[in-house]
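The next part holds the structures, each set out as structure tokens.
Look for chain A in each of the two complexes below; its partner is chain B in the first and chain C in the second.
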Partner chain A sequence: MTKKFVRGITYLPLILLAGVICFPMLFAATGVFMQQWELEDYLAPVLAGADGMASWPLLPHAPTLRSLVELLLDSPQFFVMFWNSLKISLCILIGQTVFGVPAAWGLARFEFPGKQAVLLLYIVLMLMPFQVLMLPQYLVLDRFRLLDTHAAVILPAVFSTFPVFIMYRFFCGIPEAILEAARIDGAGHLQIFFRIGIPLGAAGIVSSGILGFLESWNMIEQPMTFLKTKSLWPLSLFLPEIGLAEVGLGFAAAFMMLVPALLLFLSGQEYLEQGIAAAALKE
Partner chain B sequence: MRRRREKKKDKRKKDFAGVLFLLPGFAGVVCFTLLPFAEVIKRSFQSAVTAKWVGWTNYMTVFTNTAFRMAAMNTLRFTSVCIPLLVALSLVLAVVLQKLRAGKNLLKSMLLIPVAVPAASVVLVWKVLFHSNGLLNGLLLKLGAQKVGWMTSGAAFSVLVVSYLWKNLGYDMILWLAGLAGIPEDIYEAARVDGAGEWKCFTRITIPNLLPSLYTITVLSFLNSFKVFREAWLVAGDYPHQSMYLLQHLYNNWFRELSFDKISAAAVVNAIVVLALILVLRRSWERE
Partner chain C sequence: MKNGKLVRITAIFFALMLCFTILSRAADQLSVAVVKTERPQNQMIEHVVKASGRVVQNQELAVTTLPDQRVTAIYVREGQRVAKGDLLFEVDTTLLEEKILDQQQEMEKQELLVKDAKSQKEVSAQQRANSQAQAAEQYSLSTRQAGVQLSRAKQQLDEAKKKLKKFRKSAESGKSSGSEKKDSEVEDALLQALQEKTDAYVAAQGELRALEWEIENAVYMAKQDAMAGTTAGTTSGMTAGAVQGATSGTGSGDAAEATLTMEEKTFTGSAEDVDEAGTSTDTGEGAEVTPQEVDEGDAEIVPETVCEDETFADDAIVDSISALPGDEIDLDLEIESVSSESTDEQGMGDGSTGDLGVNVSGGIDLGGNDGEETDTDAGIGNVADSDLDVSGSPVGSDLNANIKDAGDLYAGELIVDDVQDAVLPRMPTPEELTQIEQTVRANYSGQLAEAQQKLSDAQAEKEAAEAALVKYQQEQLAADNSENAQTAQQLAEAVKAAQQLYEDAALAANEAAVTSGRAVATANIADPSNSSDRMNEITYEQMELTLEKLEGLKKAKGKVCAEADGLITKINVMTGEKTLDTTALLMADLSKGYRFTADITKEQQKYIGTGDLVSLSSGDGKQKLEELPVESVAADESDENIYHVTVQLPEDSFAIGATVNLDFSRKSEAYSVTVPLSALHLDSKQQPYVLVAEEYDSIMGTEQRARRMNVTVLEQNERYAALAEGAIGSETEIIVQSDKAVDDGSRVRVET
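For the complex of A and B:
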């Protein structure tokens, strides 16, 4: 009896915490269904400095998709930014796969002099914050005349070492016996890589891809530093520019940014968790 | 003899192939990170415009700069408050969650969602929550408390802490859960047979077995702590309240002034600090 009671009690703080953590997303989601006037009604003390305090209903008073429709139909600017975000994230994803998968395979399944040093270097680089790499990347992009192009944001991210490290952990987990058997059957390095490595390490590639996409979809510092022209900006820089006067538009745009990330999360949560955990497992 | 030579030759061939796999990616890393970083080290000893050799002058300028000291102190204060808090909280969550029967997956998903949520998409929410006439202050007034200037006083620091915890709690919890899953169940069973209670199992089995995970989790939390700049910048812009003015703000502002000499020196110092922390943490946990 008491044990059951204790177990019941532990749910309470957990549910409360989960509720608090999900609140911002719920808040953002309710906002999409309100029109400008309804939002202004609730948020006037914040938006216009009116007296009193802002309030927020559990459900919209007059639910409508008007803001979203307006955003999608009447804001060409939004489409440009959305496309920019998508283009940047997808290019990074492809680049990380093309360069990262072989690199991870090489590090995981071969012995060569200097391998440990390269591995340590990759770990250190993946832990370096952007503030350390900002100027070096700026200098090299400047030299290649890539500043203020999408390549300035894409290229450094393609060669980020974090995805390589994640995939490396997964590739290390493939049993050597399988590779040995293939070698005895006369398979070459490329054959082993494509026929065994990639299929058996697929979970790692997907995990690193999901983490990588979320990271680049969310990117703020890099475009802020390397892109000057507004028409090249991704959504993440466009959103804070929307003033509180257009708060309806702001909620709709935020929603459009949230949706791809959430869909990816919901469909690939298992891989996402595996990818996160890959970094924590013992070497 | 001949066979041996063949084997050796084969091994060398294998080595070469490994390097070939690594090379394209590694070339990119060298080109986009290593070489330019070497250039930054060089520049940290030069003046910004004339590229004249100036010795340690830039480092002196940085260390005596009040904005740098403030930003470094804030960053230090932020990490020393947040990381222990996050690591401990997420451990408790992971241990509790692991024991649950029903609703485990749903709760896990709910706690993990912020990992996927782009900071920019909740910036409006943050603004409405923490505005002086915002929802949080509304709640405080209703409870009979005073309004707090969340963005305009020292409380801005706690907004930063909350943002960081919100974003990373689920992430760290997953890391801990992975560590917990690695502890064999039979150790617990043996201990229970010997009459050990839940608490004793936790302190004598769970904690010692999780120590290796602690290293990676601390390092990863540290890495993620730099990303809290996003939330800070989104809600408060380039010049926020000074209690949330972080190194990244400072570097951005120096960047706009084109003070490359100062950024170079500061980036080198920063890199050394991060590197030292990684190595120290690694060493101390390997000794355990």
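For the complex of A and C:
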């Protein structure tokens, strides 16, 4: 009893905290089913400069699917951006896999001069925010005449250091004995990489893939900077286009944007946890 | 959650998203307007005027015939073409013949009327000549009488003087000559001076008379003018004529009466004048003189005497009237001529003339009655009253009043009323007449005063000369012995009396000359114009014309034929009915050509003008005429938005009444920017604008939308509008057609 009580006491702040953390989710979920006028009433103090404070009910007064229907049936622009986002994200994911996995394998499994320096450079680059890299990237992309194309967003992300670093950690975790055994069995470098390295480092690859997808799905500065043509814009730029008059549409869009990320997260949750743990276990 | 399930959910999700993508795109395309665009063209704006009108005749002919003829047959119908000489209709010849007979009889009557009028005119001319001759005769008679009297007076005076001289000489013979002789010379000189003064006095008196007559004449003429100006209408004209006739009679009773009134004022009354009148009656002068004296006596003396001394008044009137009966013969004679004359002048002769005649004789009776009634106070009083009234009123109405008064006294009441009725209307207002008279008199007042002054001066001088003579003679007498003195005194008095008689005779002679001269002048006043004979002649001529026409119709056997080739447009006569004064038939004169007329709008009128070459085509399109000039474009009188276009047509082109279409096009200068009218829009402020298709970058890719551009329209017709160059160039894609309403900013899809 006392034990239960103590546990209850312990859970209470946690539940409250979880509630606070979950509130934006609730916010987004209820907003989808609200009428436009209701949303305007609640958000006017924030978005339209009306007096008072913004408020938010737990349940909508007049639940409706109008915003969702409007988004799905009357807003072809949304879908243009949705598919743009998906395209960018998948390309980045594939690129990262194609280039990042061998890079991480090489760094983890081969000894060569300057290896430590390269690793250090990777870490430094990984820590650098986009704002720092923006100008050099822009100049390079301009030189390559890649500006205002999806490649301008995709290519820099493909060669991002973060997934390499995460996968490096996983590949490092593969015991040397297994590789020795493979070599003894007559496996070459490629055979070891494909038959031993990738399966054993799959968790790292998946988690880096999920993290990379989420990052590219939510990417906002790069398309804003490098894409001028509106038809190339990803979904992350849809919301800034929306004002108070279309706030319902905004909620619906946000909701729809959440769905792929959520599905991906749920399917890769296990690997993701491992990956995050792996990243945390730095040398 | 199993991974497989999640993958399935993900797959479903993406499949759904794909579906919605397609659906939303389909829905989106439904809302986009599909438009057609065109580039502005470089071309001219052509204004086409199309109108439908009719062919009408240039000139219409009216076929008329004499009124009141019975139509027996009509040989044409409306819309029928007739050639020159074609029989149109026929009238009843029997009725026509009757009419001709009637007309001939009427003409005969008229001819007689003309003859009557002519003979009447001749008679009245003769009468006028008669009266003129009479006046002239009267003039010479009276002046001669006066002359005889004057010479007699002169003779008497000379005799008296001679006697006195003789006596003096005989008296002198007994005395020493010396101073006596001188005395006789002095007396002669005094007598001579007196004679001169007397002559001067007589001359002054004559001048004054002449001037007074002149004034009265001027007043009379001015009034006549005024009356002639104001009188209008037959009755007033007639009365005026009657009165004029009456007044113009020389030496007639009327004239006497007229003078009576006219003279009233001229006589500045004094006892002396009465005396003079008394003396002049002795000469047996004309009627003019006598009434004057009656009048004078009444006007001047009676007012005093009626109140104060009746006997004196009686005496005066008896004195003045005593001469009248002797003159009555003359007067009666003249009355006859007056009444006949006035009858002539009035032509048709109505009651008023007779009345006037009666009245005039009443006026003359005054003299006779006066003579009889001298001893009755009441009668005299009445006369006096009536005359007093007369003298107080203006001359014009004097006559009237006088006539009335005379009538009151001596004629029947009935007649008086009639006269008043007949005479009164001719008068302008009495105020006006008074004013005219005053003006005329004022003009003469200076001269009159001068003449009067001269007269009184002459009289004073004469009296002074007389006094000097008397004084001298008395001194002489005093010096003589009493016996001689008595004889001398008698002789001197005889001379004096003769002198006075002589003076009076001279004055009377003057007056006779003036009065008779006046009568002559009056007789010479022309008769009022009388054109009844000419009027009758004109009527006759008109009748003659009508007869000619009737006979012409009869000659044509009552048939009325077309005078030219034409088309019957209207028939106003009916078989069996009588013709009216109006047109019997209306026909289009085909020889004068025909024209096309059509109505166009005010808008169309801007582009078509006189001289423009148009093409005309018949309603069925079979017949077409090109390049015919427009004769006129004129606005409709009632509706300013309608204009009439007329085009003269060549012969035998279209039939009268046919519907014909007019076509005309006018090209403007070339404009570099012309757009179809469908591309031009007007906003609520009447600002014209066009919508151009514009590409823009959107999330959906490159899309097109409409953008508004304000323009200035230079010219337009029903298809194109020319725009001012500027924002719109030759490359601009202008939306000319759209399947939905398009506004500024609307998304559009350009159909290629």
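As a convention for this text, the second predicted complex is superposed on the first by the 257 of 283 C-alpha atoms of A that agree within 3 Å, B and C clash if a C-alpha of one lies under 4 Å from a C-alpha of the other, contacts with A are read in each partner's own complex, and residues count from 1 in each chain.
Here is the rule we go by: contacts are C-beta pairs under 8 Å (C-beta built on N, C-alpha and C of every residue); 3 or more make two chains touch, one makes a residue touch a chain.
This is a predicted model, so every value here is computed, not measured.
On the shared subunit chain A, the superposed partners chain B and chain C are arranged side by side without overlap. Angle at the C-alpha centre of chain A formed with the centres of chain B and chain C, after superposition on chain A: 100°, rounded to the nearest 10.
By the touch criterion defined above, A:T229 reaches chain C but does not reach chain B. For chain A, the partner with contacts to more residues, out of chain B and chain C, is B. Contacts of A:I178 after superposition: neither chain B nor chain C is touched.
By the touch criterion defined above, A:L16 lies against neither chain B nor chain C after alignment on the C-alpha atoms of chain A. Looking at the shared chain after the overlay, A:F79 reaches chain C, while chain B stays out of its contact range.
Look at A:L133: by the touch rule set out above, it reaches chain B but stays clear of chain C.
When the two complexes are laid on top of each other via chain A, the two nearest Cα atoms from chain B and chain C are 14 angstrom apart.
Where the contact sets of chain A with chain B and with chain C meet, they give residues 264. Partner chain B is touched in their complex by these residues of chain A: 10-11, 14-15, 17-19, 21-22, 24-25, 27-28, 31, 43, 45-46, 49-50, 52-56, 99-100, 102-103, 105-107, 109-113, 115, 118, 121-140, 155-156, 158-159, 161, 164, 189, 193, 214, 217-218, 220-221, 224-225, 235-237, 239-240, 244, 247, 250-251, 254-255, 257-258, 261-262, 264-265, 269, 272-273, 276-277, 279-282. Across the complex, chain C meets chain A through its residues 1, 3, 6-7, 9-10, 13-14, 17, 20-21, 23-25, 27-28, 697-702. Listing the residues of chain A that touch chain C in their complex gives 72-83, 86, 229-231, 233, 238, 241, 256, 259-260, 263-264, 266-267.
Contact residues of chain B toward chain A in the complex are 14-26, 28-29, 31-33, 35-37, 39-40, 93, 96-97, 100, 103, 107, 109-129, 131, 133-135, 137-138, 141, 166, 169-171, 174-179, 182, 212-213, 216-217, 219-220, 222-223, 226-227, 229-230, 233-234, 247-248, 251-252, 255, 260, 263-264, 267, 270-271, 274-275, 278.
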